[in-house]
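This is the structure I have questions about; it appears just below.
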Amino acid sequence: MTDWLGPEEWQALRLSLKVSFWAMLASLPLGLLAAYALSRWRFPGRQLLNLLIHLPLVLPPVVTGYLLLLTLGARAPLGEFLGQFGITFAFRWTGAALAAGIMGFPLMVRAIRLSLDAVDPKLEEAAATLGARPLSRFFTVTLPLIAPGILAGAVLSFAKAMGEFGATITFVSNIPGSTQTLPSAIYAFLQVPGGEASALRLVALSVVIAMGALLLSELLAQRVAKRVAGK
Amino acid sequence: MSLSVSLHHDFGGFALDVDFRAPPGLTVLFGRSGSGKTSVIKAVAGLLHPDAGRIATADRVLFDGVTGRALPVHRRRIGYIFQEPRLFPHLSVRRNLTYGRRFAPRRGDRAEVDRVVEMLGLGALLDRRPGGLSGGEQSRVSIGRALLSAPEILLADEPLAALDEARKAEILPYFERLRDETDIPILYVSHSVQEVARLATTVVAMEQGRVTRAGPAVEVFADPAFSPTGPRDAGALIEARILTHHADGLTEVQAGPARLHLPRTPGTPGDPLRLRIAAQDVMLAREAPQGLSALNILPGTVTAIREDAGPGVLISLTTPAGPILAAITRRSLAAMGLTTGTPCHAIIKSVAIAQREDPRVG
Amino acid sequence: TLFAAASLKTAMDQLEPAFEEATGADLRVSLAGSSALARQIQQGAPADVFISANPGWMDQLEADGLIMPETRRDLLGNDIVLVAHDPDAAPVSLNADLDLPALLGGAPLAMALVDAVPAGIYGRTALQSLGLWDSVAPHVAQADNVRAALALVALGEAPLGVVYATDAAAEPDVTVIGTFPKGSHDPILYPVAALADSANPLTADLLDFLSGPEARAIFEGQGFTWAAD
Amino acid sequence: MSLSVSLHHDFGGFALDVDFRAPPGLTVLFGRSGSGKTSVIKAVAGLLHPDAGRIATADRVLFDGVTGRALPVHRRRIGYIFQEPRLFPHLSVRRNLTYGRRFAPRRGDRAEVDRVVEMLGLGALLDRRPGGLSGGEQSRVSIGRALLSAPEILLADEPLAALDEARKAEILPYFERLRDETDIPILYVSHSVQEVARLATTVVAMEQGRVTRAGPAVEVFADPAFSPTGPRDAGALIEARILTHHADGLTEVQAGPARLHLPRTPGTPGDPLRLRIAAQDVMLAREAPQGLSALNILPGTVTAIREDAGPGVLISLTTPAGPILAAITRRSLAAMGLTTGTPCHAIIKSVAIAQREDPRVG
Amino acid sequence: MTDWLGPEEWQALRLSLKVSFWAMLASLPLGLLAAYALSRWRFPGRQLLNLLIHLPLVLPPVVTGYLLLLTLGARAPLGEFLGQFGITFAFRWTGAALAAGIMGFPLMVRAIRLSLDAVDPKLEEAAATLGARPLSRFFTVTLPLIAPGILAGAVLSFAKAMGEFGATITFVSNIPGSTQTLPSAIYAFLQVPGGEASALRLVALSVVIAMGALLLSELLAQRVAKRVAGK
């Protein structure tokens, strides 16, 4: 395996996994919150939030990356501000994770929201009559019932992150070891003559990984579904 | 504790407009399908936000339409047995049952869980999930879930409708005990006259979103004008006290100065007891009859005769045991020449008296 | 850290170990589109040296004061060529008499984006100056970069394409049938410069190394011309 | 048409093992909660694929465990009233009701829809969606939906459990008519003895997934050993024929050589009629009694005495009207000195006879 | 408006709308079928199909475009075969629609599948007992109940198509008037120094359009939800 992949590629793989994993994990709570807000709350600006979440889907990835660069780059006010607290995204793997997370965010929110919309409010009502506070209700009733949606959202976000590169490369460049992910590496290979074979190898790799994640999520989802069906 | 409910709500096409007090004990909401019973209960639970009104117990205001304040559902400390089971599909029966316990301020002891599981016959189902349960099993779990949440108000919407008679008979005493031994106001919806007669302290009859009649069960049932589902379900309630248990399986009770025999009824001498004597089960005779299998014959006087459209008439009698109702045919009325003030005898089969669904009886 | 246009990847893959061996330093090369890299530099990217495939972006950075102007020099040069998918295609002479549409036979001419990507811009200028542009413009399929344009030709989707000589040389499935005369377009240059913010002591070494004979051999091995010549 | 059901299925923890024939008419599945009634019905509907068995009507095999052939659900031409309403939430009440019509090979006339809507009291709800309906309203829509699909087999799983007595009384005659006027086999689950007595042609009693007793309703009910939910629900069925309607609102019927009076019952002279005489409603006397409000007094002879644990005993009598059961106390048994062969009189209040839930009666 | 946009941009806008609309519309029946198969049928190769559908999410768009070129290009066997029936994708707007549709396909399928999984099978059973054949069941019960998922899937697919450019430009290139979509135009502007302002104009335009589509879908979804809730 280590023979088959060069050390840089090996690094890119590890980084991709790290970036995708954290992109997914960090999006989860936010995605849940956003999906919940969109599904259950009526507030001014709701449709604006909805649009904002969908933006990365509509914008060419380069534009998303550029916007990130403009807002969270080392020179940008917000970026500088966060930098004071030791939070920097620019040209770090965290930035890659952020970009990947943002690109996968609309997919995650949609999946969770669809599940949320399908939860029978009568069950939440029942939990309330039994004395469960809103938060307890959410964790004991809503959350287990939307598990399939969360799983779907997570796998979509992960898969997207494994494939994302347009926004990532625009935002944090393509620095081996710190921001060069598999897709960036694939991109670079495709930029030069004769790079196709190498690119293909990496493509196969990311396909295998995504397939693993997908199978895992399907397995988990099946379990959840069985539990809920009462088998 | 008593509960006062006053509310107005417009569903668009259906208007709810009720105002009643549920004194301590069990209050039955009685009425036809679509008369608004569930809506009243939902308002008490906080699942329906009425346009106006006020819902309060002696020490807590649950909803006040004037100030607009409504206690959130989870802080009302209610136990709600929904009309449909509404179980949590992802939790085992056991965890459904104990769901409310963790939120209860005073958490009942574990023995309480075992008692309820035992009473509802759920022992074998505890590790199953609701998905595969039969209709009656689901509704039993839902009863248990509400009871085990240590509620301070109990709302039961046709809790026993999906159960067989034997099962009902096992659960009814539990509600009786709740009624008699705790201070919890209970709102109970039922279409079964027998359940109502057995459980109700107070009856609130509803029709088209309005209360048509409300009052203590004994009073309401003694009224020949109250025949909840047609005259044939009329019947009087009699308050009695256990005297002795006889060796041949009969229990003798004292009702006023009169004594009545009924099938063995649990309780120790001195215990109070409520009997329902269905108007249908009462026969009248001008002379005291002889050689009958019926054990209970009460002398009485006709106080009122109510004739309706049908072939039957309802006769109100005063007897030493209290006012009772008898349903007889017009033909018999004529043949016997009964009028207000006529003395006569009411013949009641002992086995016909009493707490009908209890299998230990009879 | 070196920011280099992605089209230099193969060369950089060889340069990196060579430089590391020579200096013992750790060189990191970030390969992306010139525009992306330039914007990142504008936003404070931690780069020390930038090699652009597009002088325009370097001008922009210079105007912004982001590079050390004295270090700027044109490093590499390149040619643009007309390639064909057909291995037996006859060479053509690129002048005003060439009937490109006929050669295409209704199929598209693959180029990089003619208004945006350097290879496309050079190609368009060359065709314009040869007077061929107007007749061929409706047939041009613009890819987002040269490599994609080349791929179109390699796959035979487009019979002809306008690409860099370097790319054409490395692609076995295309045949070069003509090189655009140098005068028909602006010189194709890859400028290099150290960035104003660079505090890395090795920056100068890197610049020297890039202009050195070892680098030259590597670049020329890839078909680039040495701009200093 | 008759329906034969034989099936075995193992749920893991619960095994279903039944074998019965449902002759033409209405077959009631009777049994405690969790005894397997719904599972049997689901197997007939094709929603449960049994491990083995055979389900067939006279002309169609629905399921054959040997060949493994199972008719798809949608080709079984059943009407299934589920235990829970299962309405289509996205369709109006009207479209829920008529959903099955478009798939029916012979599409009932529009008047049929109006009749069913009228009977179920759904007129005002037709344009609503199921979401906002009350529990009883939903279950009525679900009844209507099944009835209007022009089924060739009707499966009704506790169809009336959520309804008030008055509403039940309006719907029961419809099932009677289906039973009497069509050839459709009907499987009907109910916990209500009254419903069963009134409707059943055949009774199939289940316990723990097995059939414990099956046979014609009249036979099963005359058997003192059959007391579906405790002895107090015992009662005999009597087949009679309408004789005349009297001016005072009574209907006189002929049962064997005997004549009985009951409250006005719809039907024209000559119509057959089934009466249920609950054992509880029968009083016994050694001598023919005088001056009683009860109109029906039948001479008879004791044929069997069944003593159980309780204080009551069940007496089987032959009377001119047919076999009947009387529940009396041990004490009365002793006092009256009844033994097998003793002649005595059975006293039945006229209003106690008959089709209890019908409000037009009484 | 026509002043504000150059004629080429105007054309790109029209083309983008056309491409996105058809990408969405043509994906719908296939997406439904795929979602149904994945949700309800157990067949060998099910997970393979699942993976295949998710591929465009995982692969860098360029790779997807390249693969399309390899399979459906005018010179590719399948492409030639289809070409005999007059179905060509290469360098046509149809190819752009195909690429966009494929890129949005995983999103659409997921959304529909989540809705399908949430449909109570008891309702389909009820329909079956009432004599409805599987197909009738699907159209009268399942389809109306998954309408929210279909809407969500459609809007995701449309939005994705409005933003897609990597696969599109790789597959069908950028031919003004026939395959130049808004995102390609945006990308082109971003490649040249000082092109940001022009790019921004087009970005704003696609955002406005996507917002419109989003709002429309939310509105429709609300209606559907209300109907189902019985209000």
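The first chain written gets the first letter, and so on, giving A, B, C, D and E; residue counts start at 1 in each chain.
Simple rule for what comes next: contacts are C-beta pairs under 8 Å (C-beta built on N, C-alpha and C of every residue); 3 or more make two chains touch, one makes a residue touch a chain.
Keep in mind that this is a model prediction, so the values were computed, not measured.
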{"item": "For subunit E, the least number of touch steps when starting out from subunit B", "value": "2"}
{"item": "Length of the shortest touching-chain route, subunit B through to subunit C", "value": "2"}
{"item": "Chain whose average C-alpha position is farthest from subunit D's own", "value": "C"}
{"item": "Distance between chain centroids, defined by C-alpha means - subunit A, subunit B (Å)", "value": "57"}
{"item": "Centroid spacing, where centroids are CA-atom means, of subunit C and subunit D in whole angstrom", "value": "90"}
{"item": "Geometric centre distance via CA averages, subunit D-subunit B, whole Å", "value": "25"}
{"item": "Cα-centroid distance, subunit A relative to subunit E, in whole angstrom", "value": "20"}
{"item": "Overlap residues in subunit D, where contacts from two or more other chains coincide", "value": "132"}
{"item": "Subunit A residues counted as touching two or more neighbouring chains", "value": "62, 66, 187, 190"}
{"item": "In subunit C, residues with contacts to at least two other chains", "value": "33"}
{"item": "All touching chain pairs, where touch follows the definition stated at the start", "value": "A-B, A-C, A-E, B-D, C-E, D-E"}
{"item": "Residue numbers on subunit A that touch subunit E, as the complex places them", "value": "47, 50-51, 54-55, 57-63, 66, 106-107, 110-111, 113-115, 117-118, 148-149, 152, 156, 159-160, 162-163, 165-166, 183, 186-187, 190, 199, 203, 206-207, 210-211, 214-215, 218, 225"}
{"item": "Subunit C to subunit E touching residues, read off their complex", "value": "33, 35, 38, 56-57, 59-60, 108, 110, 113, 115-117, 140-144, 148, 151-152, 155-157"}
{"item": "Parts of subunit C lying in touch with subunit A, wherever the complex brings them together", "value": "1, 3, 6-10, 28-33, 36-37, 39-40, 42-46, 145, 147, 150, 166-167, 169-171"}
{"item": "Subunit A partner contacts - residues on subunit B that touch it in the complex", "value": "45-47, 72-80, 82, 86, 88-91, 99-100, 103-104, 128-133, 145-146, 149"}
{"item": "Contact set on subunit D toward subunit B in their complex", "value": "11, 13, 31-34, 38-39, 83-84, 124, 132, 134-137, 140, 157-158, 161-167, 169, 191, 193, 228-233, 246, 248-250, 261, 263-264, 280-281, 283-287, 289-295, 310-312, 326-334, 336, 347, 349-352, 356, 359-362"}
